[in-house]
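Across the two complexes that follow, chain A remains constant while its partner is chain B and subsequently chain C.
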Partner chain A sequence: MSMNRRDFLKIAGISTIAGIGGTAIVGGLQKGVIEAAQTAPDTDTLTGKKWGMAIDMDKIKSEETLKRVTEACHRIHNVPDFSNTKDEVKWIWTETFEHSFPGQEHQFMPDAIKHKPFLLLCNHCDKPACVRVCPTKATFKRKDDGIVMQDMHRCIGCRFCMAACPFGARSFNYRDPRTGLKPEEINLDYPTRTKGVVEKCTFCRERLAKGLQPACVEASNGALVFGDLNDPTSEIRRILASKYTIRRKPELGTEPNIYYIIGGSDYAVVPEIK
Partner chain B sequence: MKIYGGGKIFVGLIIFIGLATSPFLFNIGKSSIVRDTKAAEIMQSMGLQCVEKKAFMLPNHMRLLDKWRDSVVRKGNRLYKASDGKEYEMSLQNTCLNCHSEKNETCNACHSNMARKHTCNGCHNYMAVNPYCWDCHIKPKETKS
Partner chain C sequence: MLEKALSGSKKYWTWIFILLVLIGIGTVNYLRQFQTGLAITGLSRDVSWGLYIGQFTFLVGIAASGVMLVLPYYLHNFKQFANITILGEFLAVSAVTMCMLFIFVDMGQPMRILNVLLYPTPNSILFWDSIVLSGYLALNITIGWVVLGSDKKGIAPPKWIKPLIYISIAWAPLIHIVTAFIYAGIPGRHFWLTAIMAARFLASAFSGGPALLIILALIIRKFTKFDPGKEAIQTLGKIVTYFMLTNVFFFALEFFTAFYSNIPGHMHPFVYLFAGLDGHAKLVPLMWTSVILAVVSLLLLIFPATRRNEATLAIAAAMVFISLWIDKGFGLIIGGFVPNMFEKVTEYWPTLPEVLITIGVWATGFLVLTILYKIAISVREETAGIEIEH
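== the complex of A and B ==
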């Protein structure tokens, strides 16, 4: 053989580069075709810059209301029910005051509040801890409307986000979710998830895209109000301007966007913006 | 300078390349996907057309779906404007499967096995690819035909 090692390595190197470059060019061309096509939001889409929710605990009077609200969500999103807390998957759920707002309870507070089940869901935080830790960018905050979303195709099930979220808003699919769904109750228009991914409330982005309010809001008879926190004329902003509200663990700095009205009794009279 | 044992290395390399490419060499000229342009014309005249041309969709549908996924999930854009100007909802479950289903009545009206041949599996089985879309997306119930 007359070729020396140096030449051999040179040729090998050049062919590798040619190979990689070649696929990049071909890939780029095909990508170009798809990039040329356009996408647009649905014409009915509700638009908001920063979605948020106000929950009036005084308007939630019975267990039935709570059940209706949580079931509305879990039913349309194919959230499985395994009837045990170890495998539980939840998008919206209830907790006592003490567990929802730790540090704010005291021994003299009204029993009605102390023992009331509070409705909890993902806070779609302004500075979401879950997004910061996700190694695959499966969890991200949408720029246009502030919804903290998940791309199930990318989630590798590392559960960093669950450890990071201070609100317990995320659940891991320890089991195949389809085994926790009754076949006749599956919503055929919405996907299920698969074993090994993490899921949570999406603020019903699929309903917003069709111009509908979130399912839990619709089922709540006015106890839950959903709207754009960026718009000073929105109903939710007028409610927040007229009633004292609290958020969960604001001291942690994630800037949650779910507000709780406690002892609000009647905000039906929403002051008009002059 | 010489490469020590160069002869052996090169003979080995040639054998390796031969083995590695043998499945492709073996199948050269055996592709059995028949491109029936006439059928495409008739289908188009019936209004049965895919979001993009077949020649684009066959090799690129997975890239298109990838783009649809990113657009819907990341940007919230759900409408796709095809290159012929038509608009479609970007949804595997609610757009693609409207036609690509065993139950496609327009196809089944004339060809008993046509619709089945044009489901995802009709091709994926042949190509031995096994994407896991249906682990999450709900597959329409397919009947035996």
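== the complex of A and C ==
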């Protein structure tokens, strides 16, 4: 095979680039600086230092709203439906007040509150017990925005995180999740999972990266407010500063970041900061 | 020395065959689980650990209890244990093997098991548990094998083995303390969140393990020419008595704190286990069986007449073992998950494949134990009567 000078230089150039690139990748891995599931940032990305959510219970008036919110999440994330509670996978769901806030209910409470369904999801805690116990760092707290992430490719399925999470936010794939999905409803833009790994809400990190609000927030007609808890001017911070809010099991010290507005009575105007 | 395991009586080979059949049945069921996923077990979103992890926890205790023979012999020069220390060490090897297998069959993605080493995570107790367990396995197989090898040749064991023996004595409680920390450091699981968990684990380990050793020693005496020694068995009986008393005492402490404080979250798991909660009471008969066995065994153990009688001692030892197996291999794990994080009750009961896999792992452990004991006993039978200074 003969080769002219021009072709030789082309091949030499490509080889050099490939070589340097390969070294960079290998070097990066060796230092262990690449976090699992890390991707290049998009310019539209919503940025925040500590994402959190406020859920206004007074604005959730119907079962349809709840259904719309949970289905929006489960559909776009290919969350399977096996129609049994044993192998159930759920990222966002409802539970009555007395079961969402055990110990907070009392016998004279109006039934409307006691049995009111509350939306539950991962609390993306500041000090997540699940991250503390994971033996492989498959679940980790993202440094830049505080989202508690789950790497489905690293998870060994030991379920220590499920034992540790005080909020019951985690689901294990007891069977192949693809068998619980209708083929025509699979969202091809989001990965399906394999059996034997744990999964949960990721605050729609894939939507945040594109500049979109989490799917549940978008479907909630303003009942769910998502924002940066680190930013005093954010809408969520202004709501938290003006309304009575509660969190689930704050006494355990995990510092959950989902707030429930009780008796919010349709805050018509979000108070401005002075 | 392995060749000793290859020649045996008809009874020996029948026993090996039975174990192999059980292992075969377990393996076939495990392959089904591997294919389908853990859905074939009774585990659920609410009770995500069950029989497998219970067995693991219980067996870590059995493994740790080997030290109850090693410590008196090597630190206090307690001669009566000279012959049976090897039985404790090899029991530890077999128990740790089962522990590792139970962790393996419980994993959702067992092919990724090396991720624990590839991404070492010191803040996870499971990481430390994998280190202490594999270390303990290595220590016991090395010590047992080297000492036995020297015995066979009729010489004193090499000097370098002594430091390893001392390390193994300190290491034994460690494996069970670390295993207790898996549970005792979890927020929100009231049944497990107790500072006394590691102490309870040690007490139950140091009664359950020696109880099993008593039974094994009696079986060995019946079927082989090797005599573990009447006094050695009696001393084990005393060890079982004191630690079982401690264990029951610790459990009573838990009970007092939960019910006198009257804090609902602390009481609920106890109510579920011993009386049933919201109409769910699957574990109640099992837990009361455990309590009754514990009380009756203690009576048999405390009264000198029944403790000194080997027949009643054997019955007491079996009762202790079964009582602790129920309490630690089952109740302890399920009690942590019921009621769940929403104060609701989801019950758990193992499925048939789950039970068969569990039996398969136990059979594997007993196969390892049988082979190791066969070797040890064959060597001991040959060297019977020869005094070797360790």
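Here are a few things to note about the model shown:
One rule holds in what follows: the second predicted complex is superposed on the first by the 234 of 274 C-alpha atoms of A that agree within 3 Å, B and C clash if a C-alpha of one lies under 4 Å from a C-alpha of the other, contacts with A are read in each partner's own complex, and residues count from 1 in each chain.
Keep in mind that, in the parts below, a contact is a pair of C-beta atoms (placed from the backbone, for glycine too) under 8 Å apart; a residue touches a chain by one contact, two chains touch by 3 or more.
These numbers were taken from a predicted model, which means no experiment stands behind them.
When the two complexes are overlaid on their common chain A, residue A:T136 makes contact with chain C while staying clear of chain B. Contact with chain C, but none with chain B, is seen for A:Y174 once the two complexes are overlaid on the shared chain. Residue contacts after overlaying the shared chain place A:C155 against chain C, while chain B stays out of touching range. Contacts of A:E63 after superposition on the shared chain: neither chain B nor chain C is touched.
In the superposition on chain A, contact of A:E255 is made with neither chain B nor chain C. When the shared chain is aligned, chain B comes close enough to touch A:D144, but chain C does not. Judged by the touch definition given at the top, the superposed model places A:P102 against chain C, while chain B stays out of reach. Overlaid on A, the two complexes show chain B and chain C touching the same residues of chain A, namely 194. By the touch criterion stated above, chain A contacts chain B in their complex at residues 1-6, 8, 30-31, 33-34, 36-43, 45, 140, 142, 144-145, 147, 149, 151-153, 186, 188-194, 205, 209. Contact residues on chain B toward chain A in their complex (touch as defined above): 1-3, 6-7, 10, 52, 56, 59-60, 63-64, 67, 69, 71, 73-83, 87, 89-90, 93-94, 132, 135-138.
Note for the complex: chain C touches chain A at residues 36-39, 41, 43-46, 48-49, 103, 106-110, 112-113, 115-116, 118-119, 121, 123-127, 130, 182, 186-189, 264-265, 336-337, 340-344, 346. Of all residues in chain A, only 85-89, 95, 98-100, 102-103, 129, 132-138, 154-160, 162-168, 171-176, 194-198, 249, 252-254 touch chain C in the complex they form.
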